[in-house]
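Labels run A, B and C following the written order; every chain starts at residue 1.
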């Protein structure tokens, strides 16, 4: 019956963000503006070098708008549960959370997935639709590539959560979490493919970027959408995302256990 | 000339309410509905009423934050809405629930900034600081960031901040809300001294009627944007047609006593509570009871204002307004 | 609205108050030097990422929209530094909606100095010089790269002119964004679309974008005066639209005009707040 509880928590996360209507509209507007600007620069780039990074122009443009659609959902620029959690750790309110009959990590994961689901719908769909009206975007065919894409987005959201959970837990040890948040933000921007598709990164930098967990947030889902990864390669993509998700969640649990011991000992 | 003059002041808000996904309903709310009063220099006035009665709206118009929809309003001869920034250096404002101090900075940095911002002469500033630090017990708080202060400490810090530039009038919006007993009494004592020694005019809104009882001779009651009562604290009882309470201790438990001069509101063992009109002497009632019942002890309790005001609200505007002024 | 003292005195008060408040924040920031150094570095690196993207693009192409890396870097450096200046001066205008919502705007309205100055200086974040520094660094890189430009005294003078005018144009945009939040308190992000979005636009050559978009940011929202039009003059290249040559020298005038509009919008916003209280 645990699952019922986490489903409720996720629904709560969804509703909480759904109440900010004006903020959502403002976000949609901003994502759309940035989508336009990037789409034009990508057009200029691909005009010069068609097939760059193995993408045709419609694929590159689709990549731009997928990025804008996932920006809020996958928290590519931060802004999810982690500020709340860090605040709770800093103020000590976390102690009451630890005594709750629910798992701390699963609780926040459920809540963050609820938020992600809302932002995917609320802030993802409209920019994507506007983008496809204004530009010629690659569309997934056959139809099953849509659910395949959503599956990859889901795994991406879990990896994104797992990364930010580590950032938040750092507040147990560090007084000022601003530095860690900032580094995580920089890494997310750069290594997710938000700045530029990772297959445009040169040589070793590209290899490393594609192997790091952040590529699971945008590059991998985009490649599933674009049909770059199909068949066995699709399974490999899922395995890559799931592998990072499990690894990072496990590290999170270990840190959480260490932090709990610390808090309990201190709280005496 | 009076320091504060209001003549038929009104404030009407358009309130939009979401009634469906895209539908909105618009209606007008008269938050302040034609209020007139004057306050001479040096007076200390309580401004009370239930939530949403229009107290804060009045204060906001007096400070120039809000522009009135109608009527005439002057503070120290200045129209607050038109010359807000000029008026600002002659008034002090304390909002109980929001600080005017800089949240992340040490208390003394806020004061230093006030010093320069209000262009307070150095000697005045030093003297005022000394006075406030001493009377409000701030010495140990000066280096503490405001966000780390307790509610009571912050309130004292806020009151000091509002007084450093020698304002002619001090508005206090719920100055004791959420404070502990010690802080409350410290704040009240300070305000009493301020009014007595410097002659600062004080207008305060509050939920805590003890504030009014201890500080203000004059009280104004507002409800639904209208002034319901303006006069001495004592007179409020008559207007509210309030009742006093005679508490009698009998020798034994008895059924409710029989009298035509009062009604029994409570019986608890041998003790009984009898309510009678506040405007009537208790003597005949006591005599009547003593004649027919075995009394051990008795006491008369004055009505508290809260009950009076509650009664006034229950009775509606007409009775109260007819009884006194406006 | 201000019959007695006049606007000039009010403006002087505003600048003075801005300086006082900003100085206080700087002083309090300097109490934590290490933290300040780190966040400034973060701001420097964070904004530097866009330029890394530009460098990566030029790893695949010689020219973008017909412009060389040096030319794009020049556009980037001017836009980035100008946004940095605007952000440093008025960046906290994104908090207007928050202050309306939690009611703390009222506390600013009872002080004897203009609200705009108090809001703009609130939480003055000196770490934002990280962005300006990054923009200037790219600008220096660009000037070194651009050996084909014939530098005349006029062209040299145009660089500081562009930075100051551009900074003022962005600062005005932040102010308008603040005014908009009186209308929609949660919509602070709309402001980013114009300020940070505008910067992203101006980092690339105008030839990259659709003509209508270029027209829009030339004649409606004067972003093109931040760098596109004057930089084209410095580089000796044609602007994709047919505009008179003196447009290249117009940024200061445009900035002043844009500030007048921003001021009017701000006043309208504040007036609506003062009549509705929300």
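Quick note on the criterion: a residue touches a chain if its C-beta (ideal position, glycine included) is under 8 Å from a C-beta of that chain, and two chains touch if they have at least 3 such contacts.
A quick map from chain label to UniProt name: B = ABC transporter ATP-binding protein.
All of these numbers come straight from a predicted model, not from anything done at the bench.
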**Q.** Farthest chain relative to chain B (centres taken as mean CA coordinates)
**A.** A
Q) If you average all the Cα positions, which chain's own average lands nearest? A) C
Q. What whole-number Å value describes the gap between the mean CA coordinates of chain B and chain C?
A. 47
Q) Between chain A and chain B, what is the separation of their C-alpha centroids in Å? A) 52
**Q.** chain A-chain C separation of Cα centroids, rounded to whole Å
**A.** 30
Q. Within the complex, which stretch of chain C touches chain A?
A. 35, 38-39, 42, 45-46, 49-50, 52-53, 56-57, 59-65, 184-190, 192-194, 197, 200-201, 204, 207-210, 213
Q: Flag every residue of chain A that touches chain C in the complex, lowest number first.
A: 20-23, 25-27, 29-30, 33-34, 36-38, 40-41, 43-45, 48-49, 52, 176, 178-179, 182-183, 185-186, 189-190, 195-196, 200-202
(Q) Give the list of chain C residues in touch with chain B in this complex. (A) 1-5, 10, 13, 17, 20-21, 24-25, 27-28, 102-104, 106-107, 109-114, 123, 271, 274-277
(Q) Applying the document's contact rule, which stretches of chain B touch chain C when the two form their complex? (A) 13-14, 57, 60, 63-67, 69, 81-86, 88-89, 91, 93, 95, 97-100, 102, 104-106, 109, 112-113, 116-118
